[in-house]
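Just below is one structure, and these are the notes that go with it.
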């Protein structure tokens, strides 16, 4: 236990989600986070910062993130800004000795990520990275079973994170469609979650080969925010120079194999993050569009009952069941994994422990992303 | 906008949920609830009150709800205690001119509910009742379509709210299993939601006939709390005098017909609240175990495409999409409908409007519950 | 084994299905049915009979079913004609000592059904009734588990057989919409399956209460066949005097309770026959729209794995797995249960055994149907 | 119309399925196949042939397929034997001027397949290949929509055909686990279906890269048949030299991209053949484990109704709806696509037309299989 003031940098969709997660942390982990508060918001210009503070409920705000980082009363910083700014901000935060929870992907490439990781380790700060889906109770349950050996030797991992909002050609040219701001397209945005999940559940990826395509080549230049929403009144178009779709094969150090798909051009798919894992003893399927459900099959089931068991998470037998909702199937939403993630980060800071996933994981995911991009350019398998 | 202090009476599972919902209100409806605060907790004895305050994050607490109600600085009271205490507490709250959000069912019977409703109306307070499932975005979307005439004339409503925790014979004899404390068993606990949903979507119920059964006739006497969890160390058993299972036929004033099922003895069902509505132009299916999904079918679909469309709620085209999660399928959990419910209550109080559902709805549901119980006793159809 | 010639009376949708089932019997149960053949078709007038023979592949046909029944070389007769003709034809068949497989419901009312049953018993023929869904491998698996005690004491049965083709007001006034030809509407047509399934899995129904409604009161008079398809060119309308929708509560002799729904006015539902059974040890859900899947939950599942297991039928561990498809999930269609039904009938005839379900079951279902109709008229619970 | 005698070579699982399909052809397409008969069975040794004839219902049988091919009264031959025998038998059949329906994959490699295709074309016979899943009504519906332009430009295809029977290490070393008999493992067995489906729906595959693994390296030497079933009493083990699992990336000539997975080591998956297709206007998902369902989403859906529509196939608005089952959702099983396939083959022979898919398609699939195997060996993308 202890006092802990948090600063948030970025008031976009994900910044807002962190601010909501903070409130749920206070509801779900009340006693342990009594003296924790989310104190200051930084957003890029004065108007945006002022509006952001109003929208997200901050009393204090600044248009200069350096000001936030310079404050002595802030111990933990959440960085929720476009990818290209991560490095500058996180390094500065580390310089001030702040603990940092940074959004994914950690950096625009693996060397930058390594630099950030090294700086963090050297400074001895606690660092975390926003792979929120890891913290879904369903995923934590699967991880528990993986660790308990319930899957035997894992042989396959496949994942698909696909959405459809990119199909609209009049959707604005947000930072997410620009290589210099985002690094990559669906790959870094969605695929990074699928890669992190692979590492979390299976282990290190050894080699990859991928292929990408872009089908919407230009989009109206947006004067608005970072979000998905379309604004109007502009006739000018800018170039999309990132992938809409990415398909990847993966091989793992432990001998498992599989793949990963990311796409913004999948009509009908809204926030479809599914994965399946098969081992010599069991199989599992998860889809975030049904966040309460783990579909599990074990070779130990009676022969006439072999199938996929649909388990509703919740209750004291499941991870965080007591903290979140004590009855299975009450219902996990988008905020809960963010709340678990933030709680674990806070808990790590207060107890001077490492957080997981941390910048090491961010770096490893960036390595895989880089290897995928290399493999696309070279049309060849690339070692991670 | 304006200042509004809230008092919470009851620190059980649902009291806790309201306290979490309060935090989400601050996250989802930030600007409009700036000056709102959840201030005091009342729980029955000192130890429970002190523990509750710690668990739920209250600075102020009392073991005497009358003390809470007597405070001038409290304008809105949330009542989340066992059913048999609703009447006494709510009437007292009304006497003090408090606005009240009371848990369901409103009272132990319809005459009591009417008395509460009349008192509330006479006092001119804003009153709401905790039929939280009404406030799920998926349900609000269905309601919008019902009101828009997309279903044509509604001909059928069927609902099932079934769970399995009662199957454990060693589960403690909580208040939920005692007629004098709960009024009825699965009927009032779960069935009241199915009845409220019927009234919300279809209209007034005119006649009912039901049948009930109890299969676990005695349970260990619990010395613990209100929850579902079993405690040990007692060899004494007490009598269960409420229904485990209730099946009901319903007829509606507008000519629709259908039914309702509630059960605590349905192995495998955790929090399974499903309903389906059919009209001359469309059909819909919803199940809280998949809270993001509306299954919708319209007779206007092309002939070769007729089927149930699985719509993921979220985003600006759906109710509260902008406030909650701006992308479809991000994920609605248990807290969101409670947050919408509390926000609407707060909004009604601040704007001196009626809330919906209010005590009138609570009374009408109690009437249906009473009619069902009469029909069971008389083995006959009963008018509501 | 032995020789067995079969005659089919009725060349409508279901008659055709029996003729297809016959062919599958020869494919699935080849050796045991070597000397079985489907020999003669009877259909009401010459043209219909000739067309039917061509469509269904018969060399021999007659427009007079008496002719078919008089033939010495026919031992088994399948009766697939509108309900009102069952009695006359089946009694005549019995008179000739034929074994009979009759479509459901057996008769227009329970006394008639009893008369048929008594005549059949007295004559010592083998008699079966076309409750085809009983013979789905998934249902036979559930029945095996019920008989093995895997459900403990059964406490609940609920079923819904709903379709949407009645929603079209221009659908013709086929015999299915006329009381004097069909007996009842959705109740006898669809509900009879749900009632038979209840008896098969749970036991005898003791009391019922139901409510019905008709929303499409007149339909164009059809000059065409028996099917669902609309014909045109008629401006005349006739009265619909049967139920479109029927909701029923049921109590069973063994203490279980539940209900049954039938409807032709459920937009989006095509051939939706679902039921669920709950006992003190297990629960199960089945829906014919997913005919390969049994959803099963047992209280013996590990606590953290409690859920509904989706079991794909097929393979040697499941009923008729070797005969039908030897790998789970290969796929059961509409013909397979009809084929199993016909094979069991043939097998019973060849081995001079009773078939199950037989006319006794047909009579019991008619009793329940009559009780439901009485309960609707009297607005009261009725004993079966 | 016309007379047509068919010979079947192979009495294993799939040979039996063809014999059942033949019977359903007679039931579903009665008039058009009046003079068609399945006349002779060839199976490798006398005992197997005699047993096969009994099991499958043939009067005539031979242990020498050459004898069958030499018969003047046989016009169409179905070849359902292990892959390594296809070439010899099919070439011999062509020599005799027989029309041929051959099981997939057509040959052990693309050059052999080309040789077969060329010989067939030169001889002018009608040739078909057993990609039965193409003929599922659901798939034919999707194909119709693809051809109608409902998907716009197709951008993605992904497929997974996975089973779990290989997980049993005591499963016998059938021909399916031996390279010299099967060519490849899960790839040729299951993957060939996924590749054919890709070509059917999307177009030609241009480049591929794959990775494979084998986890069960030896299996008991079986003295029994070809099937999946385990026999006992042998202590000797033989080497498995084919893939258990194969993951592939695919690029298409029309710019679409995606992938394909095949596996026999996916616990819980029985006969799980799923694919999804996304275009600029629509998306679709199909899974053979739910063979009646097409999940379809169009960008033209109203904004608040965007989702996946679950369409139940059947009825006159869907492919072969009138011939198979005239009401949606009645139920398609494993036999129906085989029956459609055989009917189309018969129809093509009788009308002296080409069948589709034919040996050209078989050859193209073998090319993709070869390219995948090359890509695995070379660890590189390979052109098809």
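A, B, C and D label the chains in the order they appear, each numbered from 1.
To be clear about the criterion, a residue touches a chain if its C-beta (ideal position, glycine included) is under 8 Å from a C-beta of that chain, and two chains touch if they have at least 3 such contacts.
Everything numeric in this text was worked out from a predicted model, so none of it was measured.
Participant: Chains shared as neighbours by chain B and chain D?
Facilitator: Chains in contact with chain B as well as chain D: A, C.
Participant: Look at the interfaces A-C and A-D and say which one is made up of more C-beta pairs in contact.
Facilitator: Pair with the higher count of C-beta contacts: A-D.
Participant: Among all chains, whose Cα centre is located farthest from the one for chain C?
Facilitator: If we average the C-alpha coordinates per chain, A ends up farthest from chain C.
Participant: Averaged over CA atoms, how far is the centre of chain A from the centre of chain B? Could you give it in whole Å?
Facilitator: 34
Participant: When the centre of a chain is set as the mean of its C-alpha atoms, what distance in Å lies between chain A and chain D?
Facilitator: Computed from C-alpha means, the inter-chain centre distance equals 41 Å.
Participant: CA centre of chain A versus CA centre of chain C: separation in Å?
Facilitator: The mean C-alpha positions of chain A and chain C differ by 53 Å.
Participant: Which residue numbers or ranges of chain A touch two or more of the other chains?
Facilitator: Answer for chain A, listing residues that touch two or more other chains: 270, 295-296, 306-308, 312, 328.
Participant: For a test of understanding, state which residues of chain D touch chain A in their complex under the given definition.
Facilitator: Within the complex, chain D contacts chain A at residues 153, 155-156, 158, 160, 162, 164, 167, 209-213, 215, 244-245, 247-249, 251, 255, 257-259, 261, 263, 265-270, 276, 278-283, 295-299, 306-308, 379-381.
Participant: Inside the complex, what are the residues of chain C that reach chain D?
Facilitator: On the chain C side, the touching residues are 13, 19-20, 22-24, 26-28, 30-31, 34, 54-57, 163, 165, 227-229, 270-272, 288-292, 312, 314, 316, 325-336.
Participant: Which residues of chain A touch chain C once you look at their complex with the stated criterion?
Facilitator: Against chain C, chain A makes touches at 141, 295-296, 301, 303-312, 317-318, 328.
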